[in-house]
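These are the structures in question, set out in turn.
Below are two complexes that have chain A in common, paired first with chain B and then with chain C.
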Partner chain A sequence: MSIQNLFDEPGLKQITVWGRGVYENKEARDVVVALTEAASKEGKYIQAWENYVDLPDRIFVPVRAYGKISTEEIESRYVYENEAPDIVVLTEETLVKGINILSGIKPGAVLVINSKRSPEYLIKFIKENTENLSKIVTVDANSLSKSVITLSGAEGATDASGIGKGISAALVAAVVKGTEIVKFDNLLELIANKSVAKKAYDQTIVVDADSIQKKVFA
Partner chain B sequence: MKTNIKRMSGCVATANAVKLANVDVICSYPIRPYTGIMSELARMVADGELDAEFVLGEGEHGQLSVVYGASASGARAFTGSSGVGVTYAMEVYSPISGERLPLQMAIADRTLDPPGDFGSEHTDALCCRDQGWIQGWASSPQEALDLTLMYYRIGEDPRVLLPQYACQDGYFVSHILGDVDIPSQEQVDAFLPPYKNHHVLDTKDPVIIGPQMEPEMGPGTQYQRHLAVEGMYKVFEEVHEEFADVFGRKYDPWLEEYMTDDAESVIFLQGGHAETAKNVAKHLRNLGEKVGVVRLRTFRPFPTKQVRETLSKFKVVGVVDNSVNFGISCGAGVLLTEVRAALYNNDKKVETVGFVAGLGGAMITHDEFYKMFDVLKNVAKTGKNEKQSYWLPFEL
Partner chain C sequence: MAVVPYERIPFAGTVPSPQKENEGMITGNWRTRRPIVDSEKCVKCQTCWINCPDACVNLNDDKPINFNLKYCKGCGICAEVCPAGAITLVPELDFEE
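== the complex of A and B ==
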């Protein structure tokens, strides 16, 4: 028996969203729920979940929500964390500091940041794993909406508060503009605040990671 | 048959089953990972979806005491816990089955201390395995919903009258979403008639439940409970057949077999990790290996006869224990000892190898199952089974 590549999942895309405990748990979860449900409409296999080991009831601690979108049935359902993300989303800009947010990213990965600052400015704070990054995407989600703070939907229970009411509406629009992981129309059907999503889509800035890194670190 | 499929966690699936079972009394106390069941039920009660008495326990011992009293007064009662919460209530389990009160407790597994993390380990529920309760593991959110309904029906059968632990792996089943077909209220009502207690506590006709007994009353009391447990096998089979008729989902009450036709070696285990084992078996089948998976669905009562008959088809069985049983025979776990006991004096010699894996909630990985199958293959080929048990990942 040979184990070489036996359990690889080449059709699998991973989305990791970093947020701040309590204030953005729900927004982080909404990003992966909206994107994966839209992918499900497109016939993909999906999984959306929150990091089980993070401490979501502690204010401002970094917490993670994950999504998986695959062309094949997902066999790595029980793996606790996304080990090789294709898309990384930050619900809040200071997460660029002090955390290895790009750990394990696949070549061609895209980083999406909720910030009014420029990608050129933000990239300076990211110290590790930038070599596999293809694009940096920014959107000023806070100018369009604000975070919905609720425990509804925590611990695997039903979220009775609705999906995409807060900043997640802007963030998912930015993800789609930067990656085309799902069709924007399919996404819009799922999220509560469609006007924020549309505005965010127009305002999102997408830049090539290589060129700004050359410019910034030249 | 009409379906109503929604994506939900094992916690939410269980809560939906509890609602459909129209329980009268719920007693909660928070601990991860089972908490999601109670927060969902609390929402259902608050939103008027479920008319039940929702009691906040002051701890797990209190929780079990509340549902003990509720069940004795004729209510269909539900509670649940995880990890050290399960063991904290230990005193109350035996009186409940001793009084033949068929209440239900959901257990979403969590490791005991140490390591005391949030991860799943079957040790918590298995500590309570011999208390006269029905016990078995769901391996998906759908099965979590189905177990809840089936266990109430079996437990409340007048031939049984015993409480039930409906177990699910913490996180892997309790928190990861799966597709769940939610039955209609009409289907559930047809399957699960209202609970009728045979000795309802009544202030107008007072009786004492749980009085002090004399030693000579002990053997008879315990023998009655033994007979109740031993009499359950037939009821399990009847109820599973009726379940399939009403809901269209057919489960073998005891064992689920996956790719076992002409298999030489199989992995034997219970709970959610079976899903990963099946993935690995599928890949190995594609490579021409004669492997399969057998998943135990009911741990108490233990299906000795069915385990013996089924496992006799194979050369080697790898038994995966997701619990700690320090000092147990062969240095593995309780599942291995049960399987070996079931195979004792069997006409056909079947080799068994124990694997202790996934402790503290670590995922049992595809690679680990692959290595287990490799061990089984070697035992099948050489007939030599020198190292009888392995602790993963350290010894394999």
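== the complex of A and C ==
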């Protein structure tokens, strides 16, 4: 028995969000908090937390926030890292370079990137684990909103700054358009910046990963 | 998962003392903007070499100044202190390598 198959949970979806320390730490956390809270309204079992090993107080360090959404009770609730994510979100585009962001993804996984560049350009930088990727979703969240820079709420402290005020509003809208993991209306009730979320939902680009990989690497 | 005997685990997350580079602390993937030197403007005053907190500036007598991109985390101090304005920060994804 390995770590990968300790828990057989077909109804479980794992969300991993990558951000940059200080600048997008709150936004990365807001993405999982907003998605899991919306799923909770739909009667799902949920969990959202931050990676404890990463260093959110150091500028530009890659940091991770995790979420779990399940139709049944989450048995693996004490596993403190997402080993096999279904959704990977990048709050900043350069995270595609030099980091194994797609490590362990399940078949049919979706990658969401905050970027104004094309998916065809961005896929060139991802060197590993692209076989299981089904869709690439891009949204230019920086043009719609600004990142809320605060350490309020980091590492389990009380968050006094509100959910979905900055670029996370655009990113969750892109996640919902790409994966339909929760209903968009349920999400809108939760997040502060509703107009940004609606605009982002319209502007999000969803492409099939297989077709662009064939085109780029042909 | 490989079992590591406790004698071989470094004390309190320390890494071996580096000669020139430290493989245990590669920070190049923190970078979102890359410093680029305009060799025509550069006067080789070495201000960037003095100020770089990660000692990432390579000085050569015959070649223009360049940066050790394996460790440069793109903080931009070099561009800020350069008296000749020779260093600019370019978005990292503009470079394919």
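Note that the second predicted complex is superposed on the first by the 212 of 218 C-alpha atoms of A that agree within 3 Å, B and C clash if a C-alpha of one lies under 4 Å from a C-alpha of the other, contacts with A are read in each partner's own complex, and residues count from 1 in each chain.
Throughout what follows, contacts are C-beta pairs under 8 Å (C-beta built on N, C-alpha and C of every residue); 3 or more make two chains touch, one makes a residue touch a chain.
Just so we're clear, the structure is a prediction, and the values are computed from it rather than from any experiment.
Engineer: Considering only touches as defined above, state whether A:20 meets chain B (first), chain C (second), both or neither.
Structural biologist: Touch status of A:20: second partner only.
Engineer: Looking at the overlay, does A:52 come into contact with chain B only (first), chain C only (second), both, or neither?
Structural biologist: The first partner, chain B, only.
Engineer: Quick one: is A:125 in contact with chain B, with chain C, with both, or with neither? Answer first, second, both or neither.
Structural biologist: second
Engineer: Let me test your reading of the model: by the given contact rule, A:215 touches which partner, first (chain B), second (chain C), both or neither?
Structural biologist: neither
Engineer: Mind telling me which of the two, chain B or chain C, contacts the most residues of chain A?
Structural biologist: Of chain B and chain C, the partner in contact with more residues of chain A is B.
Engineer: If you stack the two complexes on chain A, which partner ends up touching A:160: first (chain B), second (chain C), both, or neither?
Structural biologist: In the superposed model, A:160 contacts chain B only, not chain C.
Engineer: Classify the contacts of A:77 with the two partner chains as first (chain B alone), second (chain C alone), both, or neither.
Structural biologist: first
Engineer: Given the touch rule stated above, what does A:93 touch, chain B (first), chain C (second), both, or neither?
Structural biologist: second
Engineer: After overlaying the two complexes on chain A, where does the chain B footprint on chain A coincide with the chain C footprint?
Structural biologist: 3
Engineer: Spell out the part of chain B that touches chain A in their complex, as residue ranges.
Structural biologist: For chain B paired with chain A, touching residues are 8-12, 15, 32-33, 35-36, 39-40, 43, 47, 117-119, 171-172, 174-177, 272-273, 275-276, 279-280, 283-284, 287, 289, 363, 366-367, 370, 373-374, 377.
Engineer: Within their complex, state which residues of chain A touch chain B.
Structural biologist: Residue positions touching the partner: 1-3, 6-7, 47-50, 52-53, 75-80, 151-152, 154-158, 160.
Engineer: Could you list, by residue number, the parts of chain C that touch chain A in their complex?
Structural biologist: 1, 28-32, 73-75, 91-93, 96
Engineer: Touching chain C in the complex: which residues of chain A?
Structural biologist: Chain A residues touching chain C: 3, 20, 59-62, 92-94, 96-99, 115, 117, 121-122, 124-125.
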